[in-house]
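Got a structure for you, written out below as structure tokens; questions coming shortly.
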Amino acid sequence: MALLVEKNSAGREYKVKDMSQADFGRLEIELAEVEMPGLMASRTEPPVLIETLTALGAEVRWCSCNIFSTQDHAAAAIARDSAAVFAWKGETLQEYWWCTERALDWGPGGGPDLIVDDGGDATLLIHEGVKAEELYEKTGQVPDPSSTDNQEFQLVLTIIRDGLKSDPKRYHKMKDRLVGVSEETTTGVKRLYQMQATGTLLFPAINVNDSVTKSKFDNLYGCRHSLPDGLMRATDVMIAGKVSVVCGYGDVGKGCAAALKQAGSRVIVTEIDPICALQALMEGLQVLPLEDVVSEADIFVTTTGNKDIIMVDHMRKMKNNAIVCNIGHFDNEIDMHGLETYPGVKRITIKPQTDRWVFPETKTGIIVLAEGRLMNLGCATGHPSFVMSCSFTNQVIAQLELWNERKSGKYEKKVYVLPKHLDEKVAALHLGKLGAKLTKLSKDQADYISVPVEGPYKPAHYRY
Amino acid sequence: MALLVEKNSAGREYKVKDMSQADFGRLEIELAEVEMPGLMASRTEPPVLIETLTALGAEVRWCSCNIFSTQDHAAAAIARDSAAVFAWKGETLQEYWWCTERALDWGPGGGPDLIVDDGGDATLLIHEGVKAEELYEKTGQVPDPSSTDNQEFQLVLTIIRDGLKSDPKRYHKMKDRLVGVSEETTTGVKRLYQMQATGTLLFPAINVNDSVTKSKFDNLYGCRHSLPDGLMRATDVMIAGKVSVVCGYGDVGKGCAAALKQAGSRVIVTEIDPICALQALMEGLQVLPLEDVVSEADIFVTTTGNKDIIMVDHMRKMKNNAIVCNIGHFDNEIDMHGLETYPGVKRITIKPQTDRWVFPETKTGIIVLAEGRLMNLGCATGHPSFVMSCSFTNQVIAQLELWNERKSGKYEKKVYVLPKHLDEKVAALHLGKLGAKLTKLSKDQADYISVPVEGPYKPAHYRY
Amino acid sequence: MALLVEKNSAGREYKVKDMSQADFGRLEIELAEVEMPGLMASRTEPPVLIETLTALGAEVRWCSCNIFSTQDHAAAAIARDSAAVFAWKGETLQEYWWCTERALDWGPGGGPDLIVDDGGDATLLIHEGVKAEELYEKTGQVPDPSSTDNQEFQLVLTIIRDGLKSDPKRYHKMKDRLVGVSEETTTGVKRLYQMQATGTLLFPAINVNDSVTKSKFDNLYGCRHSLPDGLMRATDVMIAGKVSVVCGYGDVGKGCAAALKQAGSRVIVTEIDPICALQALMEGLQVLPLEDVVSEADIFVTTTGNKDIIMVDHMRKMKNNAIVCNIGHFDNEIDMHGLETYPGVKRITIKPQTDRWVFPETKTGIIVLAEGRLMNLGCATGHPSFVMSCSFTNQVIAQLELWNERKSGKYEKKVYVLPKHLDEKVAALHLGKLGAKLTKLSKDQADYISVPVEGPYKPAHYRY
Amino acid sequence: MALLVEKNSAGREYKVKDMSQADFGRLEIELAEVEMPGLMASRTEPPVLIETLTALGAEVRWCSCNIFSTQDHAAAAIARDSAAVFAWKGETLQEYWWCTERALDWGPGGGPDLIVDDGGDATLLIHEGVKAEELYEKTGQVPDPSSTDNQEFQLVLTIIRDGLKSDPKRYHKMKDRLVGVSEETTTGVKRLYQMQATGTLLFPAINVNDSVTKSKFDNLYGCRHSLPDGLMRATDVMIAGKVSVVCGYGDVGKGCAAALKQAGSRVIVTEIDPICALQALMEGLQVLPLEDVVSEADIFVTTTGNKDIIMVDHMRKMKNNAIVCNIGHFDNEIDMHGLETYPGVKRITIKPQTDRWVFPETKTGIIVLAEGRLMNLGCATGHPSFVMSCSFTNQVIAQLELWNERKSGKYEKKVYVLPKHLDEKVAALHLGKLGAKLTKLSKDQADYISVPVEGPYKPAHYRY
């Protein structure tokens, strides 16, 4: 795909897969709106994520956070109607970083006031850019992509190096303009806290990942929905009767294990943390190391957020047509490198995102989904709109908070979580759609348990 | 689509959507084989449904039983490699009956020895054909399509009328040659029993629909799998938190209600039968008439096998974007006619099989899946292979039984259920794949409960 | 306990544990009445099982069907207020048969018109009595208890032998008077069918065991409730996290496995029947022989209705404090004889019905509930009233049917199941209490599926 | 019951219900030991709660934390064998405080070194005692019970007043000796934090209530087990098919709702907190205010930790024999005062802890369990041993930590939570019993996610 920016009829820049799908995308967006009560309720107050920001006069530029996760028709609809979009399903890594750079490229002197980040890559690019510009100013030295083994980071350094030539102050101007970022992933938030710890964070950041209405919904309920969806779309396998191994029993693992158990699978959990292991046992799940069960299970799901969970040596021992997939986040949970380089291994693509890998010794094969990347994005359509409504409503509320307080000095160059009353507000915005009615606390009762009548109702450490 | 028979490189006839998908279809068939242990185990003994019959020297001609249920790539693979195929997804009714006629058309003097039927349409065509030929012979009168209001039956009569001209003994020759039929649907079986009752059944029939390994698996476990699959593929809706109404709590309804409940939906059941209603209550489900809940639910599923379940007057009162679908069998469970002819109603096709119908008074719309036909076939891929393996293994065993006994006189022109020990055999063929090991009865124990050591273990009326 | 018949203030005979508990019993009966909507609804039409029969002028004599199942306070209340009662918790086998004889003893020339049987022991006693009287009349020979090894049958023969001396026509007079019996257990029904097959059945019998509202409720829902109840009352063990083995996956096993799984246990099923095994797999349960899991499980439950399921050699290999119990029906599912006679075994009674048996080699012990008899009766209070309401309503309807048709000749000396419309009626009588409302079939719809508008709605072989 | 201290054969003081039950209690303690792997594992390291402390040379004095929660036979066994015990089931409030005082009464000059508290009443008594002694020393003024309306606090003041006369420095000597307290209830911990906030805390305190292995297990898993246990023992009601209302959806409510749903009940939740409400919806539960459902539900359970949840005006509108119970903690969740003083209301005690209250207008009654106090303690046996093992192991580890650090100055007069690695240790001690095996983190993986190989594995705010 030639990396050239195109322009829609209104002159707005974009690069999407197929603009002719814009009508289809628009219909699905309209469907989703009904499923996103929190976000729609926010529209009257805090405006909706992309379209409402646009409607309010904001200029939005959008790229994807994942090379497989874009729904092309939705991207086309937004590109045609509302925002500058640089995203398509199946980007190469180089295309991905080109898109990220485009999203930040508001022309000379321009730049975003706020970043809605999802994984922290936009934030990373700016921080690395500023670092490189400082070094360049001091020493004239430009970034050297060959200084790192990390293939992806080589691309980042290349982009920055090439940009330095045209504008050696580009990222400085960007960070000066930026009011702040709100970030919604574990990975992105972890990077932010590291930058805070080392004193290198360049602007205020709100961690919306740790809102209850984000973390539990995105991880637990979202994956409970989208794991079986991805499995069924990719393989049509009957889940009932199968033996499944869920690696990790955090929120994502809990959601996956619940979905598989409910669908009639026998579920085995692997865990390093004794507390999570005990929780698995209390739900009737077996807890064993992968080695003990690798040759008897039918479905393997990684959910750990760690690396090197299912190695090629595990995969060799699996049953014929065992399904191996990752919904954890990092694409190195499954040893794809080991698999790809295994001598004599044969890859048969059944359909996009569904590959059968046949080992030469046994002639048996395993099915790997989404090339080891997030299977719910690669094989299905990611989380359902209702879950995204919870996450995005957190984002919108965080963005508004940053903007409204941009001159008050309330937010320093630190990482903040959303206050609990806003977390409760996100939940409240989603109740009506589901027909729920809350009970009202009396003043007397509120005093009795020492909370305000209008909340927040729980201490910060409450686990839900 | 012009209705012309094509020929593959081996000269075998076919009519499929796109022959270039044959490789894709072949890969998915190979996947499915691993999931069909009963059918594969049958291969050494009784040969597999299509391909093994072919491999054994049988000549197979295949049409679909439903205008939406064909997977085009699978059809292409079979057409290229194994059998004469006349089927594609999205046939018109006329095309459907043309395909059925083609599947029975073995050229002059030819015809099938056995029929594997699924819905009874092939059997119906032959019976109606024979009836018409008799009348024609006696009176010279040909069938008059305008004699019936039923649009589909008009097509049947037209086909027979047109055939009479070229060969007035075609269906007589066919029925004379036929050893028997095995039928796997409730609808088809019902017709068979009606023909048996009126003495018009023309050849022996085995009812495999009422094998436990067919009825419970196809209905209960199959729908438990494919209902959420269809919902998710068609709408991406979050099932958790939604209110669902399942009309009917037979095996299909039980599977649907279980799937929805497990996915986190609150489920309300409608029932006419007090025993099934009490079963629903015992599972914590609410039992109410549709009228009482029509305006508060988000998802409506018909599973009754009856007609006129969800009428347009119900649909008018539903919430905006309520989802309405049928997984029961008959396409008149939902009042599609009433919907289509509702004054001022507007149909917006979001994607194939997913339509939003907007009522003029309220401007709100409902989402109807698969045009009111079976949503698991229309919006997803039907039952998973493992379930089909149970059903098809029953078919194969029935076909073998008919063939092996074709000269023994064991089977008269009546309807027979498969004997229980064969039903148990189908189950036994599926256990190993799931890692199960049976306990063996001792002679002493078998005597104690008065059953043979090798089974069958239950009386005929046992309910499982 | 001296076996003397006592008389209450109204002169009615009884023998119960403690008449002072009558008030407590009355309160619990009143509680139960609210939970027995079917039976209470029957009161206006067909009268309630004991008390309403009494109120209508019938004279009822009652004994227990199980040496452990009597609730002494309930027995006291009935004995004081309504019927002649001969029953207490913890009868010896001798006391049990004495009670059975008392219940049939209406004085010289008297006897029951109808029997409500539960296990078939009253029916057995009459049939054996008649047989012995015939032999005695012909040959003067009396039954010889030493002719059998079966300890319980020795008691039966003793009772009959002793009775022959005082009245050699006692059981003949009884059977002549008897209009019929209704029987509600699998065991009792099996005996009835055997007598029908050999032509020895002496009076009409209605099999209420195979009503759906009896068999599914008593077995599936009843045990799902009372298994965890019995486990918790007897041992207070945490079910969550434990490994349970359920021997048998019929209706009782299905109820037990569901209860244990839902409480957070990992459940393994043993089965001889491949269909039931496949059903277990479809619910995510593991299916293995007992031998494979005997040393890793914490809880063992027999539900088979067969003998020799858990042998002392199994028990020796179990973990310390493994719990072993039976809810199947026959008290020989667990090898109590092998356990009791194991050399050096030590029995420690923790509390009544809860024994720890310590093996001499390992010094580890297992916990056996209710001495291997039905643990839900021995350790808890049996099925809840709502379930019993379903069963008893079937009994009442059957008794009324027998009585109403006593002169019509409708019922011969055969075994009959209740017609389906009466089965549906039992269910219907229980819906209102649970807030359910049925949907009404239109005439048009009824015709379409070929059933009467008012039911029955399903064919006889329907499996529910 | 005359309040006189008795002495066992070893001269140890006690006051229990019935010392003859000691053998029964001992057997049940031995059973429980097998179910308390964490506590037994602690025995080699940190000694077991009562008996191991005793065995190690500690002198333990024990009272109950709740007037209904003592199991008399267990108390007898401990009193006979190991510790000074002052506790029986069914104490009056006066007896309760007398027992508390006795537990702290080590004779002149004596007193505890450490307190294992459960509800904070022992800690309260000492703090109030010290306050009163200070005032008395300054002003000669003694506490005036009539100065408060709170009946229970009147008893506390009376005890302190009476004690002042004999020893005006008693509580000062006690607090000087005390190394610290570990507290395991929400209520007790709340009081501790309030004392910390006002600077009045007299000694270090460890909050074990907020360990994950305490809070989730005691609240969520414990109540999931003991709610149905209490319901079944008290009423034998069939839970399946019933409509239940769970007031509050915190951890206790989540456990109760899960148990009721799994048992086949339809569950409605009341909530004030929108986040918890949304969690309930995601599990398929309905969320409505009590007013909307009060007349249609069969079972009502309060779990809020707040007061005035079910008022007498609600109870009047309930169905006949609706069951009302509390498992939340505070005994004022149900308006017992309003019920008791309702004009013309009639209380019928069915059995201890199970009362039917009949309203004069309707003559219908409701069933109240445990007089509105904790029904799992009053009607069943509280949490199962396995859950208590988790809680108590936290206590033991906290006590050891306090004792080991008594001279190090590590703990000031503040409230501390147990460090996460000890929380994980408690979990780890319970895995083996359930057959679980953990996965080991490699050094490389540990570095990758920035945790130590041996844990702790999660940040403090992790929600599990």
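Residue numbering begins at 1 within each chain, and the chains themselves are lettered A, B, C and D in the order written.
Everything that follows uses one rule, which is that a residue touches a chain if its C-beta (ideal position, glycine included) is under 8 Å from a C-beta of that chain, and two chains touch if they have at least 3 such contacts.
Since the model is a prediction, treat every value here as computed from it, not as a measurement.
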{"item": "Chains touching both subunit A and subunit D", "value": "B, C"}
{"item": "B-C against A-B, pair bridged by the larger set of C-beta contacts", "value": "B-C"}
{"item": "Intercentroid distance (Cα basis), subunit D paired with subunit B, Å", "value": "58"}
{"item": "Length of the line joining the C-alpha centres of subunit A and subunit B, rounded to whole Å", "value": "40"}
{"item": "For subunit B, residues contacting two or more additional chains", "value": "221, 240-241, 264, 278, 281-282, 286, 434-435"}
{"item": "Interfacial residue positions of subunit B with respect to subunit A in the complex", "value": "24, 27-28, 31-32, 34-35, 221, 224-225, 228-229, 232-233, 235-243, 259, 262-264, 296, 320-321, 348, 350-351, 356, 367, 380-381, 384-387, 434-435"}
{"item": "Residues of subunit A defined as touching subunit D within the complex", "value": "210, 212-213, 215-217, 221, 251, 270-282, 286-290, 292, 305-308, 423-425, 427-428, 430-431, 434-442, 444-445, 448-449, 455, 457-458, 460-461, 463-464"}
{"item": "Interface residues, subunit B side, partner subunit D - complex", "value": "240-241, 261, 264-267, 278, 281-286"}
